[in-house]
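In the two complexes that follow, chain A is the common piece, with chain B as its partner first and chain C second.
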Partner chain A sequence: MEQVIANGLYLGAQYALIALGLTLIFALMNVLNFAHGQMYVLGGFVTYSIYGQLKLPFALALVCSGVTLAIIGALMEKFLFRTVIRRSKREESTMLLAAATAFFLDAVILLLFGEKQRGVPKIVSGVFVSDWVILPYDRIVVGVIAILMIAAFVLYMQYSKPGRAMRALAQDRIAAQLMGVKVDRYSMIGFALGAMLAGVVGGLLVSITGVNSGIGGPISIKAFLMVMIGGAGVVGGAIAGGFILGMMESVGLTVLREYGDVTYLVIFALLMVFLSIRPNGLMGKPWG
Partner chain B sequence: MAALFLLALLVGVPLLINATGRTDLYYTLTSVALLSIISAGVWITFYIGRINIGQGAYALIGGYVSAILVTTYGVSFWLTLPLAGLFCASVSVLIGLPILRLRGVYFAMVSLTLTEVARLLALALPITNGARGIVSIPLPGSISLFGIALVPDFATLANPRLAFYIVAILLMALCFVGLRRLAHSRIGQLCQSLQQNEELASSIGVNITYLRVVAYAISSFLGGVGGAMFASISQSIYPSSFTVADSVNFMLNCFLGGLAYVLGPMLGTFVLYFGWDVLFQTGEFQLLIFSTVLIVLILVLPNGLMSLTLPGKRSA
Partner chain C sequence: MGSEMINRRSTLKSLALGAVSVLAIAAGGTLSAQAENKELKIGFVGVTSGPAAAWGTSNVRSMQTRADWINETGGVKIGGDTYNITIVTFDDQKDPKRAIAGMEKMAQEGIHYVVGPNVDDGAAAVRPVAESKGIIYFPYAFPKSLYVAPASNAVLGMVANYQSGPAIYKYLMKNKGVKKVAFIAANESDPLSQRDSGVAAAKALGLEVVAETDTYQNDTRDFTPVLTPIVQLKPDLLVLSGVAPANAPLLIRAARELGYQGLISAETAQDATVLQEGAGELANGFISVGGASTPEIRTPMMKEFIDRYTKKFGEYNDESNTKVYALEYIIETLKANPKAIDNVDEFKKTMDTFSAPNPFAKGSTLKYVGMTSFGQKRQVSVPMVVTEFKDGAFQTLFVGEVD
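After this line comes the complex of A and B, so read on.
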């Protein structure tokens, strides 16, 4: 059982980091970023190229993943989403744009990196063994980095000037604008930050699970699940949702093993019941 | 106008195809017709202000219901077509009652996961035969009334593709005529009030719960019928027949055509499907070009293709 909990915590830390990026973009722009999974995959491939192929240090590869995705995110916000939000009559149009960018990133990834499953050498070898839990060291390292990043992100949002501005934007866009917050600038920073988180998680996980061009969509769906559990647009909710999903997956895979591949079916069913009781998730604000 | 269009599709297109010998176009056009029926369902949910990315689930369910009824119980295909639709509609009422309370992005995300649920269910249930799916479904049989054959047995036809084409076009015509009636009826007007402000609509006495469940049920009915037709044409159905990507495409069809226009889903489906087909020659760059064109289209025409051709109707 302890093993299951340890696995759940490790998974949860990854998931929370993915969900944080998605929820940040949603909170600031009201955009459901379909391309989040693709950003994750792209981050994974950048780390694969730099750490796996060029043999440069892993930390440098991670930074490169983050920076690449941050630039892509900023450009997407500036040239695509901002324009469509301004021109369209219905805000749903951004969803179409997000889906199209997901296709676009998929195509780019496929062209640049091919369709093969890619992995990199372990960052730390060896396995941690104690009486009650067995964990490879690289998983521990990745899990700890993920938790540190979550903490850094929360602190950044709470105490830095851009963080405060972004929280104000999420709360009330017009009021924030009236108070002198540069809406365009902080929307861009927010989008870049969200994309960066996706890229960094992709880079982190490539060292454990590897990466291939087809996993973008499923990752996006998982991210949506976490955001729904926690409540869209709330930082705490995303973290809670990530850990809850990670724990459910870990427990489900153990408990439901003899029934076949039904873990996610059960999770979906539970989610439906949960959402009919709490439509806004754990911490979400009432919608609409 | 509409009758002329229908006549052109039923008589003109087959003549043209015969003249040019491109019989593969039958399959393409049949697919467009059926996909536009399924997309029309998505359009209805847009009409009540919900973003529906779960239509693939109902298409899959419809396909399986029809396939199981035909292969296991020997029911006539023509009977299974409405049955598949009705089954989907009743499922959607059960699912819709809780989830239609959600709005905006929440509903979009839940409906997206619905497609995944349907796929996993199809894999897990014993009756759907798991990942192997249901194959070699017999072609639709004949319908006769008082001894006169109204519809011949498809298996005896020289060209079943043409027959499927005609059936699909007729279904599409029926669907869009119905959709138009619905959109301009009292219920349609009430649905539009939901799209704008549910609380306000409710406060002046509109039964919003009932309306949105009805709209969702009609939407799922269309999805089920379209899925059942697809299963019959390809004579097979697998858990991967309708996936999340298909659900997203149904939504894209509606968006691209224009959400404010009844014929939007039809035009959107046609453009997307043919665009994708034409780009097939570009090989590995297909998806790249396709998505780039899509992004540009959204940037230039964020309110859909129909807003280009009918600028005067916008104020109506």
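After this line comes the complex of A and C, so read on.
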């Protein structure tokens, strides 16, 4: 059972990190970013190119993934989402734009990086073995980095000036504007930050699970699942959703294995019941 | 002066006329040379996007490489006509509804020979369209119902797992002392049906099957939770039924990191680079049906195909060792019976007796097989090369043949 819990905690940490960027963008702009998974994939491929192909340090590759996606996110916000939000009063316009962006990025990634699964050399070799648990060192490192990044993100949002401004925006956009918060600027920073998180986690996990051009859609779906569990637009909710999903997967795959592939069936059934009782998820309330 | 001018003008005019004539003749010559060759369209309906994109992409790229090569060398002579090959592709996104739409599109374009689809449900879905519109198609899907009469338009494009599986298990029982086997498959129709036939074959051989219901979602990225309970059963052999090339290294790596020390095998073709990048030395010893070509049996033509593919697309895909064959079979059969160019009944007649030298493998013949498995010749014969992965490359364990 210790192994199952360790698997669940590791999965939860990476899931939480994936969900954070998605929930941030939703909180700030009310945009369901369907391209989140594709941003993750792009981040993975940047790390693959720099660390796996050019043999430069992993840390540098990770920074490049973050910066690349931050720039792409900022440009997307400035030239696409901001324009659509300004011109259209219908919320589904941004959803359609996000879906189109996802398809576009899918095609570009396939064109640039090909159809094959890609992987990079392990960042740390060896496996930790005890009587209770077996865990490769690289997973421990990635899990610790994920938890540190989550903590850093929470502190940044809590105590930095841009963090406070973004929280104010998420709470009440008009009130924040009236109080002098530069809405356009902080929306762009928030979108860039969300995209950057997707890129960094994509880069981080390429060392464990590799990357291929077709996984963007499934990653987005899983991220939405976590956000629905935790509550859309709430940082704590995304973290909780990630860990709950990770643990449910790990426990379900062990306990229910005799019944075939019913783990996700059970998770979805539970989610439907849960959402009918708490439609806003665990912490579904305006951020702040 | 005047006559000089006239002369110069005449000379210039003559030169211009001459140049135009030369250009016209050259252009006419080129046009007539192009016009000489007719166009033979061959279709592809399969998956070239999403997580299974590698399967269909290796098909398309093999077909395009071979078609370009044929066209570059003057086309292919079928009967009294010479044809340039045009490949018409359709991405079905692994969706049976789109596969049907793709096959309809092929019919609208007057195409009679189609490679694909890549998966079971797509191959089953297109059957009514193919049969009603007179299309012979070459799926990479294993359900016997596609190839057993009254079905007659599908031709299996590779070796099925129920043909390679027993051969691999027998080899491992004899040479590696395998007694206990565990199966794991993605929760999709192809891998599940492959798992079921693998389990049946293993039981028929007297192997103890310790896990036969374990599955995973095809988009799983971390296989540790899925494999944890299986590894604890300590099987001698872990069979990755119908595993996609993208998932194989992840499964191998997770199993090894959990301390699994037994053998791992798959009955689907894999890619050496993908295994090396994704699992490194942990993939050493992995056994698979490694495509119908290894350096030992490769002909110079296969080597040139690999070179051309690599030049055209930047990187070779080992799956193309098998995928190169379908187009070759279509062309060679049409050459053997030119009437089949627009008549699939003629094609079917020829399949029963067709035989030609295999241009890609030494000591091998192109012929249709499948009598034992399907009761009729509805499978292309490709060498069944069982390989072991070692240090970034596949090494031949043994070569078999399907009858």
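Annotations
The rule we apply is simple: the second predicted complex is superposed on the first by the 285 of 288 C-alpha atoms of A that agree within 3 Å, B and C clash if a C-alpha of one lies under 4 Å from a C-alpha of the other, contacts with A are read in each partner's own complex, and residues count from 1 in each chain.
The definition used in the following text is that a residue touches a chain if its C-beta (ideal position, glycine included) is under 8 Å from a C-beta of that chain, and two chains touch if they have at least 3 such contacts.
Predicted, not measured: the structure shown is a model, and the values here were computed from it.
In the superposition on chain A, A:110 makes contact with both chain B and chain C. Once the two complexes are laid over each other on the shared chain, residue contacts for A:227 go to chain B alone; chain C is not touched. By the document's definition of touching, neither partner reaches A:175: not chain B, not chain C. In the superposition on chain A, contact is made by A:215 with chain C only, not with chain B.
Touch criterion met: A:276 reaches chain B, while chain C stays clear of it.
Contacts of A:261 after superposition on the shared chain: both chain B and chain C are touched. Of the two partner chains, neither chain B nor chain C is touched by A:148. By the document's definition of touching, of the two partners only chain B reaches A:99; chain C does not. In the superposition on chain A, contact is made by A:84 with chain B only, not with chain C. Of the residues of chain A, those at positions 106, 110, 217, 260-261, 264 touch chain B in one of the two structures and chain C in the other. By the touch criterion stated above, chain A contacts chain B in their complex at residues 26, 30, 32, 34, 80, 83-84, 87-90, 92-93, 95-97, 99-101, 103-104, 106-108, 110-111, 217, 221, 224-225, 227-228, 232, 260-262, 264-265, 268-269, 271-273, 275-276, 279-281, 284, 287-288. Residues of chain A that touch chain C in their complex: 3-4, 7-8, 10-11, 14, 52, 106, 110, 114-122, 127, 129, 134, 136, 139, 205, 208-210, 212-215, 217-219, 249-250, 253-254, 257-261, 264. Contact residues of chain B toward chain A in the complex are 46, 51, 95, 98-99, 101-106, 108-110, 112-113, 116-117, 120-121, 123-124, 198, 244-245, 248, 251-252, 255-256, 259, 284-285, 287-288, 290-292, 294-295, 298-299, 302-303.
Taken in their complex, chain C has these residues touching chain A: 48-54, 57, 187, 213-217, 219, 221-222, 224-226, 228-229, 245-247, 249-250, 257-259, 271, 273-274, 277-280, 314-315, 317.
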